[in-house]
Structures are given as C-alpha cells and as structure tokens.
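This is the structure I want to talk about, given as structure tokens.
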Amino acid sequence: MKRLAILTSGGDAPGMNTVIRAIFNKASREAVEIVGIQYGFLGILCKNFVSLEAEKVNDAIAAGGTILYSSRFPEFIEENVQLEAIQILREENIDGLIVIGGKGSQEGAAALTRLDFPTIGVPATIDNDIPATETTVGFDTAVNTIVTALDKTRDTANSHVRTFVIEIKGRRSGDLALWAGVAGGADFIVIPEQTANMTQIADKIKHSIERKKKHCLIVLAEKVMSASELTTRLKEEGILHIRQIALGHVPRGGTPSPFDRVWASKFGSAAVQFFLNEQFGCCLCVQQNQLVAVPFEEALAKQNNRIDLSLTLLNASISY
Amino acid sequence: MKRLAILTSGGDAPGMNTVIRAIFNKASREAVEIVGIQYGFLGILCKNFVSLEAEKVNDAIAAGGTILYSSRFPEFIEENVQLEAIQILREENIDGLIVIGGKGSQEGAAALTRLDFPTIGVPATIDNDIPATETTVGFDTAVNTIVTALDKTRDTANSHVRTFVIEIKGRRSGDLALWAGVAGGADFIVIPEQTANMTQIADKIKHSIERKKKHCLIVLAEKVMSASELTTRLKEEGILHIRQIALGHVPRGGTPSPFDRVWASKFGSAAVQFFLNEQFGCCLCVQQNQLVAVPFEEALAKQNNRIDLSLTLLNASISY
Amino acid sequence: MKRLAILTSGGDAPGMNTVIRAIFNKASREAVEIVGIQYGFLGILCKNFVSLEAEKVNDAIAAGGTILYSSRFPEFIEENVQLEAIQILREENIDGLIVIGGKGSQEGAAALTRLDFPTIGVPATIDNDIPATETTVGFDTAVNTIVTALDKTRDTANSHVRTFVIEIKGRRSGDLALWAGVAGGADFIVIPEQTANMTQIADKIKHSIERKKKHCLIVLAEKVMSASELTTRLKEEGILHIRQIALGHVPRGGTPSPFDRVWASKFGSAAVQFFLNEQFGCCLCVQQNQLVAVPFEEALAKQNNRIDLSLTLLNASISY
Amino acid sequence: MKRLAILTSGGDAPGMNTVIRAIFNKASREAVEIVGIQYGFLGILCKNFVSLEAEKVNDAIAAGGTILYSSRFPEFIEENVQLEAIQILREENIDGLIVIGGKGSQEGAAALTRLDFPTIGVPATIDNDIPATETTVGFDTAVNTIVTALDKTRDTANSHVRTFVIEIKGRRSGDLALWAGVAGGADFIVIPEQTANMTQIADKIKHSIERKKKHCLIVLAEKVMSASELTTRLKEEGILHIRQIALGHVPRGGTPSPFDRVWASKFGSAAVQFFLNEQFGCCLCVQQNQLVAVPFEEALAKQNNRIDLSLTLLNASISY
C-alpha cells in the first residue's frame, strides 16, 4: 500500500480541512494510505506523523482552521534542513507529499522538488498570493468575512456621516483588499500594487461630502501602511470625521464558503490522482476557471501574477 | 443626453441591485440618463417608467431582491406584445435597454433584438441556467444559503443518525444542487441532467449505515421529483430513518455574496460601456473566468450549456 | 470519586454541546467524574456509556447538534422500562443523572425522580415548550435561523409583490412562531394557542394590498395546519399571489447563539452544583430572568405555561 | 392630531430602526403624527425635522444603523442649549419626545424632563450601560457579532497553538466583554468592573499550555487598557505566542438580532402608549424580564447597575 503524506503550512485558511477530507476519502477509495503531518514542515523534523480517522476528517468538511495544525517555519529555507526532512520522509516510507498552503509553503514544496522528493502543491491561503492561480482555497471566505465587516461599518458610517479606513491584513498581495473593496462599495482601494496619492484620496472624500454622500469607506491593504497612519495623513489633508478599523486575523477563520469548498474538493481529489499518476513537482492552479498543474517554478514566478488590477478601474467607474 | 432603460425580470436574484447600482453610477459618469422600468417586461406595457435616486440606488448595493421589482410575464412571448413594447420604448425616447434576468428574460431580450430594438442582457438568476455563461449573478449567494442549510441539517442528521433528503428549487438546471451538494458533503446528488437509480442511492445509504456513518444527505433538484416522492421511494427500498426538507424560495433572497457583487459590478459597468459603443444584441457572459459578450441566440443555445457534470464524478470520488 | 451521568434526549437543539462542556469542565474542577450516555434514555438500556475527552468537549462549545447523540424513545413512558434503566444506572455506580432536553425528556426525568433516582433537568429544545421556564437552550438560535429565512423571504416577496406563508415546525407550542413573527415583521402569526380566522387573515392581506404594501408574510405554527392547507384556504378567500415555504428541521441545527450559550453555561454549571449539594428532582428554569430550580411536576404543569401571548397583541399594534 | 417627535442619539445601535418602525406603525393606528428629528439632539437645534414615509420605515425593520442618523453632541449638557431646544420643540408644536439611545442620550432626556419637556427614553446602545435595565436594544446583536469573531479567532488560534487578546470597544461598561467572553469560551475576561492581575492571567495561560490546550482567548474591555498594552505586558510575563485583535466599530452595525428586534418592538409600542397616557419622565427598562418605566434619575443611578458580575465566576468555573 502506497503512503501519501499531507501537511498544512503557513497561515491557516478556511477550506484546508475540506482539502484534507477530499484527499483522505479519495485516497481511501484508491487504497492509498494517508499519513498526516502535524504543524507543517516543522512537523516533519519533529516526526509529528499521525494517522487520520475517517469520522473526524469528514466532520471537518465545514470547519475553519486545520485539523493538522500549522506553523511558520522560516528555517525550512535552508537546504540542510530540507535534506533532513527528506531523509525522515524516506525513513517513514512516504511515497509522496502534498503541501497545502500559500506562497511560502509552495516555495518549500518547490525546494523538496528540486531535491527530488515527489511533491504536489495545493494552493490554500486567504492572501491569494500564488502568482499562477486565479484563486486559492480560503480567499473567497476571507473576502466574505471582510465584506460582512464592511457592510456593518457602512451602517455606522452612514448613521454618523463619517469616513472609515478599514485595514486588511495581507503579507504580499492586495487582492483581498481589491475584491473586498469592489464588493463592499469602497470609495477608494489602496493596494501595494498601485501608487496611492493622499491628495487624490482626500479629494474623492471631499467630493463625496460636497454631494451630501452619507459615508466614505477606504479599504487599505496593510502592506501599504497602517490604518492609523493613513488616518493621520488624511486628517492632515483636512478630512475630519474619520475613524479606523483593523480587521486583523479574524478573516483567517470561519467555515469555508461553498466556492472555497468546491475548489478544495477539486484540488484534493486531483492531488491524489496526480500522486497515482506519479506526476510530481507541480502546484495545482486555477487558470481560466480550469484546474491545471503548473511546475512550481512557473507557479511562483512573479511575472505570472494573476491579480486583476482592472478591478481598481472598475471600482472607480462605479463608485458613487 | 442619451436615455438607457433597465429592467429586472423573472425570479429575483441576490445581486440584481448591485448590477443596477453599477449601471447607474457608471452611466452618471458618462452622462447617460438611466430610466428604470418597474416589474420587468410587464412594466414596459404598463409604462412603469421611473427615475432613480442616487442615494437609494447606492444604499441597495448589499440588499437582496430588486428595487425595480420583477414579474413573470409569459405573454411577452407573443410578437405583437413585443412590438407594442418597442413602440412604447421608442415613444419614451429610450436609446437602449438592459435586461437583467435569467433564461426566460434573456429570451425576451433576444426577441427585442430580432425586432431591432437595441438590447443588452445581464445574466442574473439563482438557477445558473443560461447555457453560455459559467456563472450568473445570484447563483453563488443561493449556493451559500443552501449550504448553510445543509450544514445545519447535518448537525441534526448526525445527532439522530438519520438520512435527510433536501430538495432544491430550480426550474431547469441542476447546477444549484450540484454545487451545493459537493460543498455540503452530500452523499448523493440527484439532478435532471443525469439518471438517478433508486437502488443505487439506497445501496449507498445502506453502505454508509453499515460503516456506522452517522448521517446521509441526499441533495435533490426539484425538477427530478419532489422530496416527499424520493423519500417514499427510498422507504420502499428499505431506508427507514429518513426525513425530508424543501428549501423553497428562501435561497432567492438575502444579501448578495462578494463573488456575486464583483461580477454584478463587472456586468453593470460593461453593459453601459457596450451601450456607449452601440454594441447590442448580446448577453454578457463569463467564459473561462472572463467577461465576454455572446449574441443572444448563441448564449441561449442548449448545446453551449456549461453545467459541469464532472462535479458528480468528483463528488462520488470524495464522499465518505 | 462521584460519578455523574449526562444524556441528551429528544430533538437536538443548538447549545446542547455548550451545556455538556459547562458540566464537564465544572465537574473536572470539582473532582466529579462525568459519564456520557449516548442516544438519550435508549442509551441507558443499551448501556451506551462513554467517557468524554476534554479537547473534544471543549471544541464543541460552538457546534450544533449533540456529541452525545440523541433519540426519541417513546417506550420510556413505561414504568418497567424506567425501572430497568435505574437498575442499570445503579450497576454502573451512577450517583446522579442530568437530563438535557425538552418537555418529553423532562417527563422522563420526572419519572426517574418519582422512582427515587437522583435526577436533574436542563431545558434544551428549540420549542421552548417547558411551561415553567421563560427560555430553553436552543430557542434563541432557532428564532435566529427562522428570522434569517423570513428576511430573505421578504426580499423575494417584496420584489414580486406577493404573500408568503411560512410554516414553522413545533410539536406543541407556538412560541417559536410568535417570536419569529414579531422579529420578522409578520403581518399575521397563526399559533395553536389562539384561534385563527381565515377571513380575518385574508382581510388583513387585502387591506395591505389596497395600501400598495409590497409584501405580506404569514407565519404559521405547523400544529395549527400545514402551509399548503393555509395557502389553499387563503386562495379560497381570494388571495391570489401567494406562495408557501416550510422551514422543516433546518432551525434545529447550527452554531448556538451567544444568548443560548450563556444560558447553557449557567445551566450546566448550576446542574453540577445541584448535584454536589444533592438537590435532585428539579428542572432548572429561567423565571424573571433568574435561574431557579423547579420541581419536575411544577415545571411541567400546563398552568405554569410562560408563553407570552401579549406578543400577538404587540404584533397587531406595530405591523404595517 | 398630536405630534410626537423621535430622535436617535449617540453611538448607533442595531435595532434603532426597529424601534422607529414600531413607534411609527403604532402611532399611525392611534392617529398620532410622528415627526422625525435627524442627527439626534443636534438636529433639534438645526431644525432637522422630517416626516417619515411608511414604506421606508417598514423596510428598515432589519436594517442596521439609524434612518434618522445620529450624532454626538456634548454641548447638550449645557442648560441654555437645552432651553433653546425646548423652545424650538414648542414652536414646532411637538407634544412629546422619544429619545432612543444609550446612557449619554438618556441623560439628555433626563435634562429635558427636569426642564418640564414631556420626554420618554428608549434604551438603545450596544454598550448595555444604562444601570436600571437588564438589556438595551443592540446589545444582543453586538454580542453576536463579537462571538462570531471569537469563533473565527479560535479556529486560527487552534491551528497555530496561540494566545489571542481580543479588544472590545465600550465606553463605560464591561458587559459586552463579559457576555461575549462566556459565550465565546474565553479563558479570561478583563473588564473595568474587576481588577485584573497580569500574573494571574499569565498563570492561567501557562497552565493551559502545560495541559497541551491548543489555544487561549483573552477578552478585554478597551476601557481597562488597549490590546497592544495587554499583549506587551503578557509578553513580559513570559507568554510568547500571542497575537492581538481590536474589533473596533464593527459590532455597532449589522441587522439586529431577533432578541433585539422583539425588545425594540416592545419598547416602541410601549413608548407610544406612554405618550398617549401622558406618562413622561421615564426611561423604559427591562427588569426581571419585564418592561417597566423607570424615572430617569433612578434609571441612570450608578447603584442600580444591573451588570451581572457573577458571569466572571461562572466563566472561571467552566473554562477549560
């Protein structure tokens, strides 16, 4: 019986459990043994190998977080650590590894591939920061959580005729801010991929106030600056009735959305199929709404970034 | 100043208001006057032309239903009714019409096109039943509502070790049942596009019971049969602990999901752009995750149906 | 070490797990051993005694359903069955039993009390049908779920200018329909505790239509009649644009509301305290917003029913 | 026809619109004219008197915020401002005023009462800071929003084996933190009404870590200190894996919960009845789960504070 190991790594994302469930059930049907590794890459080194129980795995289809736990493990960037990990995986008779995580985790998977360990990547992160894929498991859920918060903020902003700056976590990409901003009716979206001009933002807000608009929402990706910094700078531009909110880690949790669950299911099932076919060294991606396998190097290459910057133009054309 | 009329028609769908908002704001920037028609095609005949107020339109970005109201108006299939509608539109100096709705509504739009009235279609229906588009505004929200109900039902099914049949409304397509079934962890999904075999379903349930699985969920598209009929037939096959639920119209309402809002925004903005470019006779569609314009006849042709039947195979491979 | 057994019985209710968690953690601090009985009273007879694991119990604080499973077991009404249960409980060295459930379950608990087995009741049912308590664990969550459905239904009713009949499950009481109706803005609430007059309902709807009101919602407790029967009878009274929805078992599941969780926590903690004090034979109740212990007979006596029928008068005074 | 004015004041709260709706509909039945005052007490001075439209008011039953807008207006503490307000109300032939808001707003209403203007108070604030009432409109909804965020945070904390500090807004009272903490399974709740000891909190967290508990949640009322300050101090006590979140204004918005809507309906209907009976100078309150009218001075007196501090003992007895 072949042994397929799986781990979740980096920031947790809603739907990681749905991926695990799909892998586990598909593997059961195919007579592949699933070995869980707890706490991500660190768990390989610590030999946190566990077997999974069908009922617990299936009950987690709708659960946030990851039943395999996760960790950040920056030391995994070093080759000697990677080699030690591979040695342990071989000692445990692991025939292949599925890495479920975001950009950093897929870089770890790419390293194992370069060192000839059979590895497959499943993109799962709320940040949607893997260049070659249109979506990652967890992104849609996080957008949902943020937009729910934006809708509530709009109620309060409206009642008090105020401007709110809402800061969105996100290590690299502004995609979360972009989607949430369009869906939440933001007046302005500030992301690292595009230069923001304070005067321009302030003019937009002032224009709204002149037209008796009852509220303004500025959605800000934290990588650009903090909400309190932006608030201070807008006050300097003469915007007085302004408040700030930082949503923090909240959008990382919660039950995965159906969209994330369907893609999680597709990815999980496909990952086992790739393992059966002995196709390794690829990150599964969504391109043109289709599941494809992309070699790690290409999947992670900056120039393949699929962030849809036309959304800012769209937002400018339809904001009030 | 050019006058662009808009109407919502057929079953209401979450996100129709988000389309209206995008159209209205984009049109304002382009100095196009928006004329609202209440109650769909019937409203043309009844001359229910209204002007829209910016604040009300913008406050509706997150509101379910349609602020323009809707209706079913089967008489619009007759050419003399269509001709009368066109005459009224011309008397009102309408330079173009955007029809926001599902399959039936786009057929009405196609008829106006054949009679040379400049018309553009925006796909909005929870049924996702327009062949040429991968998604329609409202579909994702309805899947969300259904999966929330499935998750709750799983709690109860689990606690009582029962099978539940959950009936999903849907006039033509099984897409809603298919997506909700995969996301909700259904044991079996029964849709009109595929033949269901009672013994096969019953065997699957019995197999689950033998393995001490605590619950079974059967998701059923109403077009195949009613939940009570399926329940009766499964009882005949020896399934005893079985209950049924019909979700009815509930998934038609509610605040639109971010996914639906982003597409609603893209569709609305693009529809105005097509009007400005004088490109008519097309339904806006999503193909390979891109917004494209498809001539009505092609958009509605059965053979272009994009329902992803591989989802049933997927579900079979990952269900427990 | 004293051994305290707990079971959940009858229809499951959101918050049952929160009660179990409170009992378990409080008992751990007090050096009381908790013995779980699966599948309610039936589980005593089947000797489904289990020990509980701290992590699983605590992770369930927000989970719908019951990790101890439940069942309906009408045979428990017979004294010889009750005596057999008591014998088994004594053989297992159980020093006391906490019964978590609704009216039927508390009647079982009352029977054990009459036969001198030390028993304490915790009211948990979405039906709020235990006469002596103002609220039961699960009721608030179920009202939340129903009102969410009413809000969605209002969107659709509004868009199509229709009347909707919404049927609410509930074996005995109309409390669920009453609270949901007031909160959901129902035009009429039909409950078993009050006589409904078809002409009166129809007149109310007609009056609304005359005043151009865009929708009517009739909330109906299933014990009075089915939604389809009420719909038929209203059609006979001349109401044409009318649809029906039956919410079924859906409100039985889902994560418990904070209100239910706080009361679940109070009940669970108090139940252990009563066990330590050797105060048995009581159902814990809420009276005047305070937790009190009421002897079973009194707790279940019809004349102590706390359903607040003034809510129908209130609703009549504020409906539009 | 008598003229009854209403205003919403201070921080907005979910359910304010439900109060307005109840007042409006009840008043219509009683042939009382409702005069809306926009932007709270400031709106009296600015003569922002508006009439309300039945459809808009009724559509707002489930809408967050306040359709009458609100403001903070600290200058209203001065008697000459109050006298000017009363003069304007008299010039507008206002026969009575209903003030919907929290503690500061009811103090304004008390001042008008002392100056002999016929005033009635309805408690509406997420802070639940009016001493004489068990609940205020908006409190339950805010607890819901906070607990939803706690549940999501628990997912992430669990996945990464971390401690999280969650800061809850609240000007005076710790009630919001207390209820949310119990419902959300907090390990520790830090509120202004009770002294917090850093070593005690740190010991609790360390004890959890020793027992391999996967997460710790510390719920903090902002009045005690900021989340970042508490985090820093806990780090000094040796707690390393710790993160912080400040929920900010988000819990102020959103659709009101059924519990809030039912009380909002009772308050609104009762307020009109008190106006008809010419009973003024009282704040409506909930005591022992009953609606009562309490003279403003008594309603606002500190010694009548109904915060249930036993909840911290409860939480200590049931936390894991």
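When the chains are written out, they are named A, B, C and D in that same order, and each has its own residue count from 1.
Just so we're on the same page, contacts are C-beta pairs under 8 Å (C-beta built on N, C-alpha and C of every residue); 3 or more make two chains touch, one makes a residue touch a chain.
All of these numbers come straight from a predicted model, not from anything done at the bench.
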Among all chains, whose Cα centre is located farthest from the one for subunit D? B
Self-contact between copies subunit A and subunit D, residue sets same or different by half: same
Per the C-alpha centroid definition, the whole-Å distance linking subunit A and subunit D comes out as 35
Using CA atom averages as chain centres, what separation in Å is found between subunit A and subunit B? 28
Rounded to the nearest Å, the gap separating the Cα centres of subunit B and subunit D is 39
Multi-chain touching residues of subunit C, meaning two or more other chains, are 151, 154, 158, 214
Is the chain-to-chain touch network here best called a line, a ring, a star, complete, or other? ring
On the basis of the stated criterion, which chains touch which? Give every pair. A-B, A-D, B-C, C-D
Looking at the complex, which residues from subunit D come into contact with subunit A? 8, 11-12, 14, 63-66, 69-71, 145, 149, 151-156, 158-161, 164, 214, 243-254
Subunit C - residues contacting subunit D, complex: 21-22, 25-26, 29, 54-55, 58-59, 61-62, 134, 140, 143-144, 146-147, 151, 154, 158, 179-180, 182-185, 213-214, 255, 257-259, 261-262, 265-266, 268-269, 286, 288-290, 311, 314-315, 317-320
